[in-house]
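Each chain gets a letter, A, B, C, D, E and F, in the order it is written, and its residues are counted from 1.
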Amino acid sequence: MNKLQKQTFTFISRTAPYGSNRPQLCLDTALAAAVFEQQVNYVFMEDGVYQLLKNQDAKAIHTKTIGKTLETLDLYGIENTYVCNESLESRGLSLGDLVIKPKLTKGDELKTVLNSSDTVINL
Amino acid sequence: MNKLQKQTFTFISRTAPYGSNRPQLCLDTALAAAVFEQQVNYVFMEDGVYQLLKNQDAKAIHTKTIGKTLETLDLYGIENTYVCNESLESRGLSLGDLVIKPKLTKGDELKTVLNSSDTVINL
Amino acid sequence: MKFTIVVYAAPYSSQAAATAFNFSKTLLDEGHEIYRLFFFSDGAHNTNKIARVPQDEINLQASWDELIRDYDLDSAVCVSSAIKRGIVDEQEAERHELSTVSLFKSSEIAGLGQLIDAAINSDRLLNFG
Amino acid sequence: MKFTIVVYAAPYSSQAAATAFNFSKTLLDEGHEIYRLFFFSDGAHNTNKIARVPQDEINLQASWDELIRDYDLDSAVCVSSAIKRGIVDEQEAERHELSTVSLFKSSEIAGLGQLIDAAINSDRLLNFG
Amino acid sequence: MSTLHTISKSPKSHLLRECLPLVDKGDGILFIEDGVYYCANNKLSDDFESDITWYGLKEDLNARGLELDDIKAIQIINYKNFVEICEEFDKVISWF
Amino acid sequence: MSTLHTISKSPKSHLLRECLPLVDKGDGILFIEDGVYYCANNKLSDDFESDITWYGLKEDLNARGLELDDIKAIQIINYKNFVEICEEFDKVISWF
């Protein structure tokens, strides 16, 4: 590896869990960025907010329960978590339904997050 | 192979060409059904209507031009072609924009087609 | 009742192949019959014998192979889907001068006629993609 | 300018892998540099050396291999994506007691750290899925 | 001829809206995989017509943490029942 | 910091609507693959804002038989230009 400067990575996770592996890909990459001591932002948008629902249990479909991992995101060094308010509301959800309490954001705040990012992974 | 009775197959092709291989899978399977002398209905719905646009030329993306094959569907024994009127209209298209002239249909007629089908492949 | 199961999706990237597997296993457990499994498009990847999976995860390719052998199922992979995805049996490996065989012995390379035949001779055909 | 190209999609079932290839080829033709190709998830299927394709179609796996060798590119396949999809080099084949190697010699098995490194050390990172 | 329709993508796909014009009285609609999020949205379930039988796959609902009590118009079935209803309907059309 | 956004799915995906709240003045949006169908629909192109630069990939438009004359607000570019505009913007975000 070449020099590892500290940069800002933003991960936008927009898809529902279990139907595809995109939430897991996004999470794995963010965890790798955190391990390499990068600045990490993690944004849940659109169907991605479903990843944060309580009471997930993927045993019956023989898969890891992603909600359980997301509960401990901060332990992995990912503290800047965001959830899109409009995505929650349009799905009849509120912060109380989620396993963690990300910052509630709207478009303009997210623009600021993206503008300050060197790399954006959008899954 | 076991006995090959004559049955009715309906193919619903709902996706745009080139972005995915689903239009080609649907077409290949229908052609196989026709080769085995089955009764074949072919329905273009939703983004599937884009497969029928004139002036396609997929050389630049190194792919077969599906519109060219669809032009000759009847030569392969697939004469019962349908296009969903609402799918055309909502995309600002009319029969004149298409390489063939399928029957213009609405929901109720398609229900009848499906009801008379033994197998439906829906891509 | 005789079912045919058509799988369009690769394992792991979407849930569809796993759903097809669970459905197939359940119907066999319930005493029904599978006339044919047909792996089409990216579904061909389900028949790759080379894959290995971490111990805490399901090896879907190996699970299909086991199910097919346990119930002596007819399992077909679309030939044109398979070859371009690196899924070859001994005969295709030889024809294409490849040194490796990647298809499980439990599945066979087949044409789309086998899918039409299966639709005709099954009571139900289910597509998973 | 230094680009990193991340490919999430398998060849043939969607256009994304072909777009990634065309983009990569064009940027190299234009005198730019590729810091790293990174094949992730179903993108791993692009590095399978076993595939054969009808003569009137593009063999995308072989095209990648040729491009990588022509320009001596750094090409990495995510290790956990690769192994469960049957993409193994000699070392992984040995470790998992597999008799076959399916990965083109032009690509290397790598961890996600190589993706993070590439993002840091490239001017632009593009994702194709 | 009655048909069982399976829907396996989240409401963002609009698959239900695509499929409904082709669904006949007496048909069934089964939500599987990410399709089960259709069961979670109260706004959507108002649209569930009563001359269609609605099903949701238990294993997929449980995985996603969707509370079953909220869902009135929908029968929660497991894989075994999924096989059973494939027998009850004359054919199956998959929407994905 | 300006961003180039690429959109590679047809309008059915609603990717443009998803992406727009995150698109800043001075950003660019490039339609590729099935995303180029966004260029075909007149109703949609009325929404194309003028403080964003809009692009469509020529190779993908040609493949799909989309007539270039109809598209006023959109710059038609080829792969070579695609590489060039990746330099002009500070980063690229892919929507797929």
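General observations
Simple rule for what comes next: a residue touches a chain if its C-beta (ideal position, glycine included) is under 8 Å from a C-beta of that chain, and two chains touch if they have at least 3 such contacts.
Small disclaimer: the values here were computed from a predicted structure and weren't measured.
Between C-E and B-E, more contacting C-beta pairs join the chains of C-E.
Chain centre most remote from that of chain F: C (centre = mean of CA atoms). Where chain C touches chain D, the two copies mostly use the same residue numbers: shared numbers make up over half of all numbers in play. Relative to chain A, the most remote chain by averaged C-alpha coordinates is B. Between chain C and chain F, the centres computed from C-alpha atoms are 39 Å apart. Work out the mean CA point of chain B and of chain D, and you get 34 Å between them. Averaged C-alpha coordinates give centres for chain B and chain C that are 26 Å from one another.
Residue positions of chain B with contacts to 2 or more other chains are 18-21, 46, 61, 63, 118-119, 122. Counting partner chains per residue, chain D shows two or more touched chains at residues 8, 12-13, 15, 22, 41, 57, 80, 125, 127, 129. Within chain F, residues 8, 12, 33-34, 59, 91, 94 each touch two or more of the remaining chains. Residue ranges of chain D in contact with chain B, taken from their complex: 12-15, 18, 22, 56-58. Only residues 18-21, 61-64 of chain B touch chain D when the two sit together in their complex. Across the complex, chain A meets chain E through its residues 16-20, 46-47, 50, 53-61, 63, 65, 67, 91-92. Chain B meets chain E in the complex at residues 14, 45-46, 86, 106-107, 110-111, 114-120, 122. By the touch rule above, chain E contacts chain A in their complex via residues 8-10, 12, 33-34, 37, 40-43, 58-60, 62-67.
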